[in-house]
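Listed after this line are the structures, all set down as structure tokens.
First chain A sits with chain B, and in the next complex the same chain sits with chain C.
Showing the complex of A and B:
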């Protein structure tokens, strides 16, 4: 009886030692989602009130600060380019041949009528850098065992003050996310699906965004066609000169 | 008898002067206030119709639900076809296509780098040389500098935006906005003129461009935000506009299609209905208040007058005049005083009203932060009702006031009259 009791206590203690902490979980999530560099080709399907539109893009990303995106289609949008360097964002519009720096309220505007804002686009910092995590609980979501993580912003400069993540335990990847403002209002809902293994990482190939405050639209789906993690990207891509090329 | 009373009123000024001044002041204020409110109402309707609401407006059902936001992404398509239908079926109105949207104006330097940015509300209308919009929006008079856009990709700026951006005529600017489908839209334009409408909400930050340029920018081929209908006689026909709006909506609108058209009369747009009904109520509230206050004041004046003429009443009763006769004579006095006071007040109110009608006063100082679409030159609007709106209540209030006060005659005792007179 004594042996059984001691064994049970050892197992509980070992389980406690082996259990992931909230900090460890978001480190593993970041390891899945972020790489030193990546090239992604994707299609954004925007479900609006007048029907759906599809915009194809190719993005080059370096770390969590720099990215370059080129619109590939439809024809009216093709050739538009976006460059993000640290906290600055420029857009090149080929129709007007202008490079516009996005700032102020423009950053809160929707990207191409989608459920993503330019601020969302800018917000590429990984979770560890911006948030303090805590585990709220556990539940099954879409047949997967999940942790429910509440992430609270470390400082006021972050776009979303809180995030609630449903993290699939076996792959350390959120499959659902809710984004909240400082007042506690739910602003956006994100669902991540079609999860595939890319090299050593797990990555969602389909991400559905819903801007809760935008009652007009029915949501935006980002479908990834190809992803090249840790790709070799020339330095020249991340320069303003590349916008007009 | 009337002659006798009139002489009494004119010779004994202490009996009549104060009541006449009071009545005249009240009647003057009421008549002038009524004319002013009517003028304000006319100018509100006229400005609103020209610059914003039309006398009627055709938009989509979805657009109507968010009318204040001017959601051009919910615009009406096949606008040309709709316009020809409207011209054919409602020839009593002129029809105008408008697109209103917001954007960010970006001023570049020679290298194309941003110097300054500013938010702008854009009004896109038909700016062709023979367009009726030029007259409707008073564009030629509003032009302070430069010229109206003559070719594609030319714009005029409001004086506020022009100053804020620090641009000059001939400068190139970019307008950043979104297409009707939400895509980013950037257009390059040349500033050709500066406008000043005298309407703060327009003068603060408006850009005006030709509607064909807006369609190109917003990817809105054959689409239109709003089609405004303005009666050819420039008058707002409240009942008719409501009737044709209902008829149009019944004929063309499909409750299951949010992009089918509806027609809204002016008074059903935004806060116009509540504002217009408030103006109507304000006049009647004023008249009621005036009658009540004047009645009360005149009653009290009558009572004071009764005390002052206490001896006279006693004497008249003592020498055999009936109390009823004295009461009637006091009412007749009131009729004359009321008539004179109301006549003077009406003459003053209507006269000043006519002066205000021809000499509008500039309220721009008070409207500088206003969001209403209204010219700041407020004038009165005198009509037949201006003549009676103060006169009748003033006249009646005097009689009612005197009627109550004169009741004291019936309670006047003559038993100690001579003792009173000795004192």
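Showing the complex of A and C:
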């Protein structure tokens, strides 16, 4: 009896030691989602009142601050390019052949009337850098065992004060996110699906963004056509000269 | 004698005379009425702008541009400490998004001191209560959003660090003002409430003052009432030029009638003219008689216009001109439900003088040919002209 009890206690203690902490989970999520560089071809489907619109883009990202995006379709948008370096954004409009610099807070404007801001669209949300995580609990979501992680902003200036993540245990990837303001108001919901393995990582090929406050809106879907992680991207891509090429 | 003659002739003119007099009186009353409307519009718009928003002038943070929403974040500064609190009303401006009935709409949020007495803006409704989210709307905005007092409105904003947040606000009041710049596309919050939401201290984008307090340093630029009303005045001038065109058209039509009357009168009374000249009345006196007749019809028009026009214009001033609903979406101050005319003594006198002057010219022009009339031929009923000296 005593031996059984001791064995049980050792097993429980070992379980605690081996269990992932919130910080470890976040690190693994970041490892999945972020790399030093990426090349992504994607389509953004914006559901509007008069039907849906689709915008195809190709993006090159470096780290968490720099990215270059070119619109591939529709024809009206094709050729438009955006370059983001730190908190500055430049947009090249092929119709006027002009490069327009937008200051930091313009990054928070909606992209083409979608539920994403330029920040959402071009930024790399590195959870470790911005949030303090804690595990709230566990739940089954869409057939997957998930941790429910609550991320609270470390500093002022983080776009969403809190995030609640449903992280699929087997792949260390959030399949649902809820974004909150400081008052606790739910602002956005993100659902990640069509998860595929990319080299050693897991990545969602479909991301659905929904502005919760806009109850009449139908949301915006980002569908990944291809992704190349740790891609070799020339330095020249992240320069203003590349906007006019 | 000339006066008596002219008067007798005009009274004896019968229906034709009175028709002209009546038409002239309509033109007079119409011009005074319409121009009174424009004066009323201008006064209403400017007076209300001053009372509700701009006071004696405003100090703008030097980067603030009310037409560039992207300037709001970078154009804030604390109110200078030297200012008299009672004579200053600060405004904090930021972008926001509201969700009326689940739809999304971009909006401008303006925070204002709630206990101010300087402006007519009813800011007391926004008095700060911890934990309560209150906002106030202008009538136009409320109508566009299809909301009423007591309704709740979700408002999303970004604080000074760029973090999103949202809350459910109660619409505590909807005010009616003809001033567009405090209504269209704006939600009003208490300044303390907005500072709390945005995590700001005492910063504002601009403030209105009871009087100019001099130079406040490079952070602040003073805008006089003339600066702030310049745009409205430019619009007013454009609209007025259209109205003046209408007045000219009305006058033209009336003067055509007078001109024709004079021509006809001269033709019909050529024997009488000949008789007068034969009896020793000089040509210039005859011209004066006919010209005076024209002027007298103008005078009669003024009297007739005063009789029927005065009660009508007074009534018009009371009831105003009701505007269709879409008018306030035209984006002009001074236009809400109705426009109320304002008549000045200057307006009436100036209109009468201008009409009489034009009448003088129009009455004289057709009759000046009398100066070359041959009296003998006139007696015979002909209108032959006297030959110039030296010609055959």
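Just so it is clear, the second predicted complex is superposed on the first by the 237 of 245 C-alpha atoms of A that agree within 3 Å, B and C clash if a C-alpha of one lies under 4 Å from a C-alpha of the other, contacts with A are read in each partner's own complex, and residues count from 1 in each chain.
The working rule: a contact is a pair of C-beta atoms (placed from the backbone, for glycine too) under 8 Å apart; a residue touches a chain by one contact, two chains touch by 3 or more.
From a predicted model like this one, the values you see are computed outputs, not experimental measurements.
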Quiz item: Clash or fit: chain B and chain C on chain A?
Solution: clash
Quiz item: If you stack the two complexes on chain A, which partner ends up touching A:161: first (chain B), second (chain C), both, or neither?
Solution: second
Exercise. Figure out whether A:211 sits in contact with chain B (first) or chain C (second), or with both, or with neither.
Key: second
Quiz item: Thinking of the overlay built on chain A, is A:50 touched by chain B (first), by chain C (second), by both, or by neither?
Solution: first
Quiz item: Thinking of the overlay built on chain A, is A:153 touched by chain B (first), by chain C (second), by both, or by neither?
Solution: second
Quiz item: Which partner does A:98 contact after superposing on A: first (chain B), second (chain C), both, neither?
Solution: first
Quiz item: Once the complexes are superposed, what residues of chain A are shared between the chain B interface and the chain C interface?
Solution: 103-106, 216
Quiz prompt | chain A to chain C touching residues, read off their complex | solution = 102-106, 108, 153, 156-161, 179, 181-183, 185, 187, 211, 213-217
Exercise. Quick one: which bits of chain A touch chain B in the complex? Just the residue numbers, please.
Key: 46, 48-50, 53, 55, 76-77, 80, 91, 93, 95-101, 103-106, 109-114, 216
Quiz item: How about chain B: which of its residues touch chain A in the complex?
Solution: 62, 71, 73-74, 104, 106, 108, 112-114, 117, 119, 174, 176, 178-184, 186-188, 219, 258-259
Quiz item: Along chain C, where are the residues that touch chain A in the complex?
Solution: 70, 73-74, 97, 99, 101-104, 154, 156, 158-159, 161-167, 199
